[in-house]
Amino acid sequence: MTTTAAPLDVAALRADFPILSRTVRDGKHLVYLDSGATSQRPAQVLDAERTFLEQHNAAVHRGAHQLAEEATDAYESARARIADFIGVSFDEVVFTKNATEGINLVAYAMGNAATFGPSASRFALGPGDEIVITEMEHHANLVPWQQLAQRTGATLRWFGVTPEGRLDLSDVDTLINSKTKVVAFTHQSNVLGTINPVASLVSAAQRVGALTVLDACQSVPHFPVDFHALGVDFAVFSGHKMLGPSGIGVLYGRRELLETLPPFLTGGSMIELVKMEGSTFAPPPQRFEAGVPMTSQAIGLGAAVDYLRVVGMERIAAHEHALTAAALSGLAGISGVRIIGPADLVDRGGAVSFVIDGVHPHDAGQVLDSLGIAVRVGHHCAWPLHRALGVPASVRASFYLYNTLDEVDALVAGVREAQKFFGVA
Amino acid sequence: MTTTAAPLDVAALRADFPILSRTVRDGKHLVYLDSGATSQRPAQVLDAERTFLEQHNAAVHRGAHQLAEEATDAYESARARIADFIGVSFDEVVFTKNATEGINLVAYAMGNAATFGPSASRFALGPGDEIVITEMEHHANLVPWQQLAQRTGATLRWFGVTPEGRLDLSDVDTLINSKTKVVAFTHQSNVLGTINPVASLVSAAQRVGALTVLDACQSVPHFPVDFHALGVDFAVFSGHKMLGPSGIGVLYGRRELLETLPPFLTGGSMIELVKMEGSTFAPPPQRFEAGVPMTSQAIGLGAAVDYLRVVGMERIAAHEHALTAAALSGLAGISGVRIIGPADLVDRGGAVSFVIDGVHPHDAGQVLDSLGIAVRVGHHCAWPLHRALGVPASVRASFYLYNTLDEVDALVAGVREAQKFFGVA
Amino acid sequence: MQLQQMYQEIILDHYKNPHGRGLRAPFDAESFQVNPTCGDEVTLRVHVVDGVVEDVSYEGQGCSISQASTSVLTDLVVGKPVDEAFAKMDAFVELMQGRGQIEPDEDVLEDGIAFAGVAKYPARVKCALLGWMAFKDAVSRSAA
Amino acid sequence: MQLQQMYQEIILDHYKNPHGRGLRAPFDAESFQVNPTCGDEVTLRVHVVDGVVEDVSYEGQGCSISQASTSVLTDLVVGKPVDEAFAKMDAFVELMQGRGQIEPDEDVLEDGIAFAGVAKYPARVKCALLGWMAFKDAVSRSAA
């Protein structure tokens, strides 16, 4: 990641996002610091979807009339551009409704391997096999693996987290061993901002022949990511966190793996031959896209990727780096505020979580909200992580390309205000 | 269904659908007769989604700031209106990405029951148990049950179809027996237009304590449907077939059943408590909505339901009835054309499929397309049905509120044109 | 400023000096409730003698709203017949779900009326109801 | 009218009078291919002797495009060395995937050039390639 690219013209960018000019709570300017939960959408993305729906909408891969052709072309063109954005081939991109579905897809497909015949045996797991995750996972990359373990009899194991909010890799060689079938971990923590060492986890997994699943929800939107270069087997992310529509996500799978992975959702468009007695299935990616897909949403995500590419992922990363630096130093300057996660900027993205002595996160969030500042409070779907770090909940500010240093200042001032309101400063 | 309601002002309605005024294939007016695959969207639906995204967008059920409140309200208000539209309670409505996911949800959740403890035992199935479907099912209501049977060792059985395209219920008492765990069938065939006798299938299932799953993809968009009145246990439909967005569907489940049904997709927002060692789950409908949902799509579907309600489902049904009558009689007047499905209008909706002697459906579709007429050709994701009726494929015209009698005339003329072009008339 | 409307003095007082806090014996039933979105939790015990709520004791962690409302709860129900306690609960739940449109009855809810402003913030309603859900659950268990 | 561009006389002729149709022996390998969107299917056999395609026989059901292109296929490849047959296949596939932008070489594709118009209709490209996919698959099986 380089920080030398020309800085963003944030004021110009902001003009593309209609919602950013609205006010909340009796005329306060909206300060949207909750992009880690969901990002806002530029007019370009909204327009792309609308144009599609007003001019080309039809069921894709199903019709032979002109609209169906145009819709199929638009849908597959979006897939190709998205694939290119993450450095993979178009047939390695499966559209899902969100990242959560993508992880469930891999977990269920592995569960299905037991009854899917010899071609799928490398995915099958059972008692004695191990699934490795980490304690900093979002529930989306945690509960599906718990459930897979429960259904198959496999054992779930996990990496702990250091007090600084890094993965504790000290026991990597015992945790990832010959029984390990899959290692699933997040690229960047949605709470801590921590960017995990993908390369060393991938090589530990490869040494024992385990599959790797990367939760890239908080990386793909924020810095350049190339899944082939990272060497992971599977990865997931969501459109709504990267300027795209809700209701669409991506599962990347290495081609050789997708070719033999059993299907998950079944129904129309994913079949080869259907008889009452049994069916065979289409090659990937179609095999994993049952039913009429998220058509206009794929087109919207394609437009989002085009937008991000024009702005430049390097520049976005650099911009967020500056915002994060300002937030960390601003918050560090307030006594009684403790950062949850790395206090420095090494391998760290733009999610800044913290607790305030004597002010519950929910109450702090309420004060910030009354000032127009939208942050997230709670455990951010990473409850075990919060338990591990000894806090029931936290306040999280998360940044994106459209945020400004002024907004970071507003956050810092708002935290002081919360302390004052609750009489702890 | 009454046909006495005031007729639709179709010209006025059409003005709401921007795509209907476009031309295709060198200036031909678009005649869109493919609503059975996917419907078009009125500006009201597009506007509702856009307004939401430009003013209220945030992650629902996750934030405490004003946008998150507004987004959650909009999302839950859509759920309530949709529930009302189908005669059920709001907590019986689960949002899925399409109907296909809804059926898979039920099938997988039943599969999960085996390892989910005693509370879920009524859903569990295994060798000796039977799943009953029909030969006229869309692949979406067929392949998931095949797969469930394969995973659990249960047996798949099915009702056949008569040459007239009705369910052959002569062996209902042997097919639905004490081993039957679930009976899944379509409300209206997407190929034949046949409306199935829900009441008698439900009572046969109830006599033996089997669950019923209704595929309502082709009924809810086209006539008034009340799931409580029908007495089914589960039902599914898709937004994109009823003027709503793609990427959203609904699973209805009876409250008592949803309360004990094991989860399917797992992750954020569907949990109660998460520890590394295990998790517990939220009550329905949240239990079945993992991850950031199809937010703007739910709002869009809510707007679609509002639109349909204002137009009136009775009137829509009456209008389609008239179009279907015209199509059936127009096509019956062409020698060499054979209707696939009921030739009369009894218990029959507006999907009209047919074959033309000497002209393959694909070729017929191409001729129609060259005239601007969009129909679907192939097996329409109901391959076993086509095999049962002895045709490899068919041409399907399907109608909706925005179609006109002139468009039916254009279809009939187009079919004659196809015969001429291929020298069979 | 809106904030004061929500965080009435009464709420902040109960938050800083909660009534009845701590887990005590004897008790007939205990309930653990959690707010899955924020992780707030409460463990609450009830001791019911001859249809009267003799004691409510609790511990937990959470925001000012959830802590204060549980504190108010103990004031409202301890010493009251179960019927009357449930009537108060119903009134409180109705108030909280009223989106700020309901005029609370001070005779019934006493300090509880201070939560009227919270009802305007849907995301906080669950906080205010957390202790009450535990109370309802514990009483129904104690009766079983 | 656009239709004539797609349905060249040559295509309609092959459709009505297909060449080489029927399944024959001897053969070395057989391939069954299906177009999952429309249900068109073909079963195709090849007989390869000393690296030369001695016979191609087939049966199936499908639209004019899929039937005619399989008929043209037999004309193009029977009697040709496998290399040359594959070169023709590659040229045909390239033509079909060219979206109407590729000028076909009549010396290589003979009657196959009539399918140039089909390449403009993405949904029909699969029809035109169905028999060729079966041919490719059958030859590779015969070599195995």
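Annotations
The letters A, B, C and D name the chains in turn, as written, and every chain counts its residues from 1.
Everything below uses one rule, namely that a residue touches a chain if its C-beta (ideal position, glycine included) is under 8 Å from a C-beta of that chain, and two chains touch if they have at least 3 such contacts.
If you're wondering where the values come from, they're calculated on a predicted model, not measured in any experiment.
Listing every chain that touches chain B and chain C alike gives A. Each of B-D and A-D has its own count of C-beta contacts, and the greater count is at B-D. Chain A and chain C, compared by their mean Cα positions, are separated by 37 Å. Centres computed as Cα averages put chain A at a distance of 45 Å from chain D.
The distance from the centre of chain C to the centre of chain D, with each centre set as the mean of the Cα atoms, comes to 76 Å.
Shown for chain B are the residues in touch with two or more other chains, namely 25, 62-64, 68, 271, 273, 362, 366, 377-378, 383. Within chain C, residues 37, 121, 124 each touch two or more of the remaining chains. Of all residues in chain D, those touching chain A in their complex are 34, 36-37, 121-124.
For chain B in complex with chain D, the residues that touch the partner chain are 25-26, 360-363, 366-367, 370, 377-379, 383, 386, 392-393, 421-422.
Within the complex formed with chain D, the residues of chain A that make contact are 61-64, 68-69, 72-73, 271-273, 282.
On the chain A side of its complex with chain B, the touching residues are 18-19, 22, 24-25, 30, 32, 34, 37-38, 40-41, 46, 50, 53-59, 62-68, 97-101, 103-104, 108, 112, 115, 135, 138-144, 146-147, 150-151, 156, 158, 238, 240, 245-248, 263-269, 271, 273-276, 278-279, 290-297, 362, 365-366, 368-369, 373-378, 381, 383-384, 387. Per the touch definition, chain C reaches chain A in the complex via residues 1-3, 6-7, 12, 37-41, 61-65, 121, 124, 127.
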